[in-house]
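Letters are used for the chains, namely A, B, C, D and E, taken in the order the chains are written, and counting of residues starts over at 1 for each.
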Amino acid sequence: MENQLLTIITMLPLVGAAALALMGRGERSNENALRWTALLFSTATFAISLALPLTTDLKTFETNVPWISAFNLGVRYHVAVDGLSLWLVMLTTFLVPLALVSSWRSVTYRQREFLITLLALETGMIGVFVSMDMFLFYVFWEVMLVPMYLLIGIWGGERRVYASIKFVIYTVVGSLLMLAGIIALYYVHGHATGNYTFDIAVITDHMRSASFLSLSEQRWLFWAFAIAFLIKVPLFPFHTWLPDAHVEAPTAGSVLLAGVLLKMGTYGLMRFNLPLFPLAARHYAAFISALAVVGIIYGALVAMVQPDLKKLVAYSSVSHLGFVVLGIFSFTDEGMQGALYQMLNHGVSTGALFIIVGMIYERRHTRLIAEFGGLASVMPVYSTLFLVVTLSSIALPLLNGFVGEFLILVGTFTSPVLPNAKLFASFASIGMILSAVYMLWMYQRVIFGEVRNPENLKLKDLNGRERFVLAPIIVLIVLMGIYPSMFLNRSAEAISAIRSRVGLPGPPVVQNNGDQPPARLPFNSASQIPKEP
Amino acid sequence: MEKALFIIFAVIAVASALNILLQRNPMYSALSLIGTLVSLSALYIMLRAQFIAAIQIVVYAGAIMVLFVFVIMLLNTPREQSNVDKQKWLRALAIPFAGLLLAEASYVVWRVPARTMPPIDSSGSGIGTTYSVGTKLFTDYLLPFEVTSVLILMAIVGAMVLARRQDD
Amino acid sequence: MIPLSWYLGLSALLFTIGAVGVFIKRNAITIFLCIELMLNAVNLTFVSLSGYFGDMGGQLFVFIVMTVAAAEAAVGLAIIISIFRNRESLNVDDADAMKL
Amino acid sequence: MQTTTLEIGIDYQAVLPETITASVAIIIMMVDAISRRMERRVAGTLSLAGLIAAGAAVINLRDRSGETSFMGMIITDNFRLFFAMIFLLVAFLIVLISQRWIEEEELPIGEYFALLMFATTGMLFMSAANDLVMIFLGLEITSISTYVLCGYRRRDARSNESAMKYFILGSFSTAFLLYGIAFVYGASFNPAASPVATTNLQLLKERIASGPLYSQELLFAGAAMMIVGFGFKVATAPFHIWSPDVYEGAPTPVTALLSTGSKAAAFAAFARVFVLTFAMAPLAAAAGGSVLPALQSLSTSALAVMAMLTMTIGNLAAIAQTNIKRMLAYSSIAHAGYALVGIVALDWRSLAFYMLSYVVINIGAFAIVEVMARRGDKRTEIADYAGIGFQSLGLATALSLFMLSLAGLPPTAGFMAKFLVFKSAWVAGSAGHNGLLHLVVVVGVINSAISWYYYLRVVVAMFFREPATGFTRPTLAKSMVGALALTVLGTFYLGLMPDRVLAVLENARDQIVAVAK
Amino acid sequence: MSPSTNLAAIILAPLAGAIVLGLFGKRMGERAIGVIACSTVAASALLSFYAFFTHLHALEAGERISAPLFTWVKAGSFRADVSLLLDPLSGIYILFITFIGFWIHVFATGYMRGDSGYWRFFAYLNLFMFAMLVLVLADNFLLMFVGWEGVGLCSYLLIGYYFTKDFANDAAKKAFIVNRVGDFGFALGVMLLFLKSGSVFFFTDGSRGVTGAFDWALMQTADPLTASAIFAGGITTIAVLLFVGACGKSAQIPLFVWLPDAMAGPTPVSALIHAATMVTAGVYMVSRASWIYVKAPSAMMIVAIIGAATALFAATIAIAQWDIKKVLAYSTISQLGYMFLACGVGAFGAGIFHVFTHAFFKALLFLGAGSVIVGMHHVQEMQRMGGLKKYMPWTFRTMAVGWLAIAGFPLLSGFFSKDEILFKTLTSDAFEGVHLLPKVLWVVGAGTALLTAVYMTRLMVLTFWGKERFSENGASHADHGSEHSHHAAPSRESPPSMVVPLVVLAVGAITAGWVGVPEGLSGGHVRNYFEHFLRPAIAERGQAADAADASVPVRETFRDAESVEPPFKKRDVVNENHDIEIALTVVSSVIAIGGLVIGWIWFRRKPLWQPPRLLEEKYHVDEAYDAAIVEPIKQGSSSLLWKIIDIRIIDGAVNGAAALAASVGGVIRHLQSGLARSYVAMVVFGALLIIGYFVIR
């Protein structure tokens, strides 16, 4: 039973959605039952997923059965977690219940469908992270679009149609190119090895043992995958869908969009682009890092002048995710670990920020910064929690953001692959200054000062439910800042495996790491190789 | 001799065909088409397709064209009632399109290797006779032949359904 | 002996005339006549090839084509009648209710 | 081949499916003639029974592998059987979605179902054909019956117009097809062989592959003209031009038939000629002579360009549409483009799967359009769909599913189909070092992305817009519910568990294998 | 108590206080809050003293007491632990931080009485103590950075404590952001150090398997004194980058602008954070990294020049300010400049010594000012004070001590430290080849000392002597006609909770200097205990190079600094210079007393003398920054980046592509004329193309 655990985690929310769909259609009192059912399922998912980090050997969760074997397709239902995906799965299962609770009362229109959509989204998101088969990955990758699209489109703000379509089209353009890339990779790999498969682990292993891709093939495939991921990240200049989507999305949508969806892009880079196309990755590292640095500064500067809270947070995401990309393309253990860690941090902190923005939006039905001011006097608890999250977002040491950001910067600074690595890191560090500027300025305008708008005088401070939503996030923010080893240790092996792949076939990437044996993906994929077409 | 006949019938065929286009009255166009059909029938005989030539006259020029004439008269259109021509520019296309199509076809035809007709089979069962057509029709072409019956039946049903009076 | 290409050329000429007729004539019946002309042009090709090859296949094909032409004529004329009843016009340029 | 004696083994079994459908058509006419109007709805039931029987007859043929019957006129192989099942499925679904409709519209019932059965017969022959004459006949049966069906709502000027446009353009393109057949016939002449000239596809293939040919030019020109003919029937650019008008004007169930059944049949014939006859087995070395490779490369590049053009035109024009039927017409053009990629890749299996998926999804979509349109095709503007999402949740969800599936959302049939086609094209391009095929795939995926836009517009209208006034929830007939259930399940089944269907396709022992041996 | 528990308890006690107050303080009474806040700091102070004095001998012997707690961050070869380090340098720091911190806490319980955010204030203050202690006790740069940013945060929170006041919020934000600019340099410096040395730990610790960056630095040969070394990415670059960080935290040119504004916070905050402790963190860090600086003469020169320049610059501004706290703020900047001057000339010990003494007298002065402000009902403009001597005698007396101490009046604490710095400056040999520089620096330092005495005298005179100007309008001080409605009449002396700390600190201000009496004053007979004590923790020029040259095992060299007299050239120089030192002591005494006299005479006569506008308006530095940096960035971001690049160009391209597709669709649509004949023509056209292609190939 245990090796079906991932399937259960992935599918449980969907089962919940089905249950919601089938639940009796009664009067209004029914809505509470719906909410509690949804919460029950998502919390159960989280509870079950706790088994993942508590188990030492992640291999036990692997499931690998044929799915479509006709046409010699070799599509498999292969789900597994490794150090790379473990925490992202956890992040997802952690955030969904919170997102649910955060919109406990705010969504009144079509409650049932809203909850179904949210749960379906969870399945899609988890699926992306656990898929170890490119085909399966692609399926989840696309599936997840639809609920998000509906979330924005049905429960969104005024320009929801524009925003939702923009979100979908942007993503689809990228992901279909990735589909072409998947097909091409599938063929090239199958042709070279005789083993036609979509299995990521198998292909990655082959890629490591004998590079079957020429440099030019790698370059083409690299971009086919990278564009999809970079749009999702979103890296400058592919980012313009993000502010629109965020502004229009309902709170729960924004939380998951920022918290999880964006991570899929960076996850994809680490899962596919680096280990599969190491030469191309090295070749384009400088270019992408440059874009990342531009994104860091650009996102921060534009965030600074946003009049809308959600837009500000959205642009700050552009900036933060720029750090992640920078870390990934530093090809150092430090940078990549930092990137992974920063993904989690961003998920937690920015998720929290959106929840926080949602809380005042619920009260005031506006998100314009100018409408607020002086909330510290009327909502002290809110202000305090907001402050902690703000500080986490600007990477204050002992809160989560710092560890990730600093590791990324260290990694970039010491990167042996990037030309002018120090320059990259220096410019990226400017983002550290700017993040303080825009976050604190925003915080000041919203929270500090006199209450100038009489509307704000009657605002109520957070109620128990709202405190309950933020409490686990705050705890996590502090925990992750003080004791990151808990998280970093689990991912170290997987990260250095990827890093060592990018290192191939050149010299070892990090000076101090030469003595380590190259680590492998923690999947036993060798057994599948002998299959003849 | 043969060439002269060919040229005569070919000229009639082409002239009648052009006349279809030149006539404004569909009735005259229909009659012109009959001219083409008849001259083609003559050519068929020269090509040793006596049976086909016969049904060309009987079925085509006879039955089908009569149907046309009936319909033209039924719809009582001595002239084109509506003179709207929304696409005069199409006429301008006629010459270049015709020229190009003809050029392409002629090029193909030009490249077809020369060939003389095979000598006439003395047994009388050569191609084009009723016997040989019949034999072929009920052996190799049995299925198509049977299928045409389905086709005809269907056409009858279809025509009935569409042309029935409205208040039926 | 008449060269094969003469027949084929004649057929091509008739086909072309028919094709051009279809798009320069406006009367639905005349258009239909032009289509019949095209079919006849094809028939000529079949018959001439058949004759020069000494092969029956072409003639049989022509036989089938004629049947089809008959069926088509029946249905086509029915359609024309049906449209005439609704519009009182045979001009195909009148029929542009659906476009873009 | 024995041509001199009259002893021809008549293999009734081989044409049993076609016989059944044609007979059912005739029976329906007879029943219709002798029964009163109230009893006429039995026609639909009869059709369904006939289709099921025909299906059984098709399955009965499953053990045959490439055997020809009726002096080589038809062939029984997996290709035929698979496509036959698609046509029967199409007809089955169309009958289901038409039953209530035809009564409400007060149109002649018996003739409708009879014509539908005839059309099905024609399609069945097209997939079974092993001779150009059979292809021609099948095509004409299908076409002529659909000409009539398009104009079936006789009092509606749009329906008339649709029928007339379809008829004029259809017969015009048939003339091209026929001319092409004549040329090919001429090209096949070989005085040493018997018969000296042929329209039999197997013989044609042998002659083209091994030579000598009478005239290469005739062959190429003939092939080109056949592309025009088939291209018209499947609606690929630039011969797609008829389809939006015809689809819009035709009664909705007929539109469904046109965009699925006759398109699939035309693709079957197209593939029969251009994949199984005018091309080498994929990845096989040239058997000798250079004509076949030359022809193949010519048609590959021409069709590749057509495919790209078709999907681009279809998708871009669809963006600008406001009428859902017309939008689906353009979408159908775009899908013809994707499916054509299967022919370009010389992979009829993925084409067949594509057609199967497309048929299921598209009939589902048209079924809902029909339900929404009500009597006389009144509500077919996309604006009419505004806000119905939560008023008629089931239908709206199903329509959204079909739209997304058409757009290629995994794990639905639409994605699987597109994936297989693109995969084939990519593999063929890589194996044959043909960059054009790679380009086709890239253009294809970009087009898929574009298509999301207009497919989502329907979803947007239904779920994101304020409800339009005057909408009442439509009631669904049982048969319609059945059709929708079938299509929804099919959409998921083909997307999630395509293994079975693919295995059926894969085990095909088809002509290619036969010839290669 | 094991060293680990002891050190951990030192930092955790205030943290515990902060947490308790933060979570439950809202429901507590002021007394309880005060008790918790003060007692945790007191505990920390006692523990610090305990730790310091139990390990005194070890420390004197150059040992380092380290307390590893847990591995904090480990990724790849990067590692940083949460581990504490007690050595002479951090020992001195924790002593005065906790000691002064405690008394300021006590003072604040009185100062903040009745404030609605009482609990919040003390939570922040306790948190600050925690962060500051982490900063000084950290044994690696990353943990130091934790404290570094932590004190910044607390500074932010406390400056913006009166959050309804916009100027306070602006000041808080400004402080944080300017500090971030400094941190930017600091972080880069640490990264570069990591890149070069492979470690961010200060010292090697074999038991944990860490190598020390300073041990690496020790092995390096010194960079030459050239400008190019600054940008070479070597040890000089590291030093310069770290100094950027120090500039931010310690308010040096060009990052000093936040400190004057930071006076928006409550006065105890100014005393604790912006005078005694946090702002000296930069000096601490530079001294801590002296191992690096001694290898980077160019960086040293920059430090010295910036320090001297800041000292003079800030002093000139201080002379022209009217706000009592602003005067003290600029004075602080000026004194910090002094400390950096010391570091820059290689006299790290003297710098730290000045930090030590300055902590006492500047805290004293600020608290005194706070007492005055409370007495004046929160009036801070000195135009509206005067003659307070008789209302607030104890405040006056203690402040007078501070005044004399900072002015360098002989035998008070400031006298010794300042004197030491000036002497070390003049005799410095840090800048080989630039012989004139030490002399110039000395002149600047001496001038600053004079100015210091003058402006402090001005402050005292304006506040405590002369006419009582309580009713005068601050803005138009010379205009008697406009009678201001509200009178800020002074009340009685402040409560004991405020006065006692003043007295304690006054004692400190007098005596603190006695632990480090310059050797020269006794002719070399009495050792400068302070400097000597610090020596193991601080590198000196030449030391390491010798070590490297001689291939002597590194550790021994400085461990046994006391027993084995290493061949310090500098020491010889010092010995020879005792005479000079005595002479200089005389000179500086003269300067101090002269300054006091000048100030006294001048300002007794013209208390409201109008200083030059340029000085009063602080050289318009803020305005210049605004115009040159802040506004362009804001405007550029808003109008160029957002509204043009983002919306017009990128989104424009995206929407444009969509519009293009739609319009192409529209064009294609128009092929569909609805007329069957044109369709036929199109089919013919297509047929012509395809047939043509097939036929002609």
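In this text, contacts are C-beta pairs under 8 Å (C-beta built on N, C-alpha and C of every residue); 3 or more make two chains touch, one makes a residue touch a chain.
Computed from a predicted model, the values in this text were never measured in an experiment.
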{"item": "Chain labels contacting chain D and also chain E", "value": "A, B, C"}
{"item": "Where chain C and chain D overlap in contact partners, by chain label", "value": "B, E"}
{"item": "Chain whose mean Cα position lies farthest from chain A", "value": "B"}
{"item": "Chain pair that, of all pairs, has the most C-beta pairs in contact", "value": "B-C"}
{"item": "Most distant chain from chain E by Cα centroid", "value": "B"}
{"item": "Innermost chain, taking as reference the mean of every protein Cα atom displayed", "value": "A"}
{"item": "Between chain C and chain A, distance of the C-alpha-averaged centres to the nearest whole Å", "value": "64"}
{"item": "Inter-centroid spacing, chain E versus chain C (mean Cα positions, whole Å)", "value": "97"}
{"item": "Centre-of-Cα separation between chain E and chain A, whole angstrom", "value": "38"}
{"item": "Chain B-chain C separation of Cα centroids, rounded to whole Å", "value": "6"}
{"item": "Touching two or more other chains - residue numbers and ranges from chain C", "value": "15, 18-19, 22-24, 26, 31-32, 50, 53-57, 60, 64, 68, 71-72, 75, 78-80, 82, 85, 92-93, 95-100"}
{"item": "Residues of chain E touching at least two other chains", "value": "658, 669, 672-678, 680-681, 684-685, 687, 691, 695"}
{"item": "Chain D residues counted as touching two or more neighbouring chains", "value": "133, 137, 140, 144, 147-148, 151, 154-155, 163-165, 168, 172, 183, 186, 217, 221, 244-245, 320, 453"}
{"item": "Chain pairs in mutual contact under the definition given at the outset", "value": "A-D, A-E, B-C, B-D, B-E, C-D, C-E, D-E"}
{"item": "Touch list for chain D against partner chain E, complex", "value": "164-165, 168-169, 172-173, 176, 217, 220-221, 223-225, 227-228, 231-232, 237-239, 241-242, 244-245, 298-299, 302, 313, 315-321, 450, 453"}
{"item": "Touching residues (chain side chain D, partner chain A) in the complex", "value": "349, 389-390, 404, 408-411, 415, 419-420, 422-423, 426-427, 430-431, 438, 441-442, 445-446, 448-449, 452-453, 456, 459-460, 463-465, 498-499, 502-503, 505-506"}
{"item": "Chain E partner contacts - residues on chain B that touch it in the complex", "value": "86-87, 90, 93, 97, 100-101, 104, 107-108"}
{"item": "Residue ranges of chain E in contact with chain C within the complex", "value": "669-670, 672-678, 680-681, 684"}
{"item": "Of all residues in chain A, those that touch chain E in their complex", "value": "166, 169-170, 237, 239-241, 298, 301-302, 304-306, 332-334, 337-338, 374, 376-377, 391, 396-398, 402-403, 406-407, 409-411, 413-414, 422, 425-426, 429-430, 432-433, 436-437, 440-441, 444, 447-450, 482-485, 488-489, 492, 496, 510-513"}
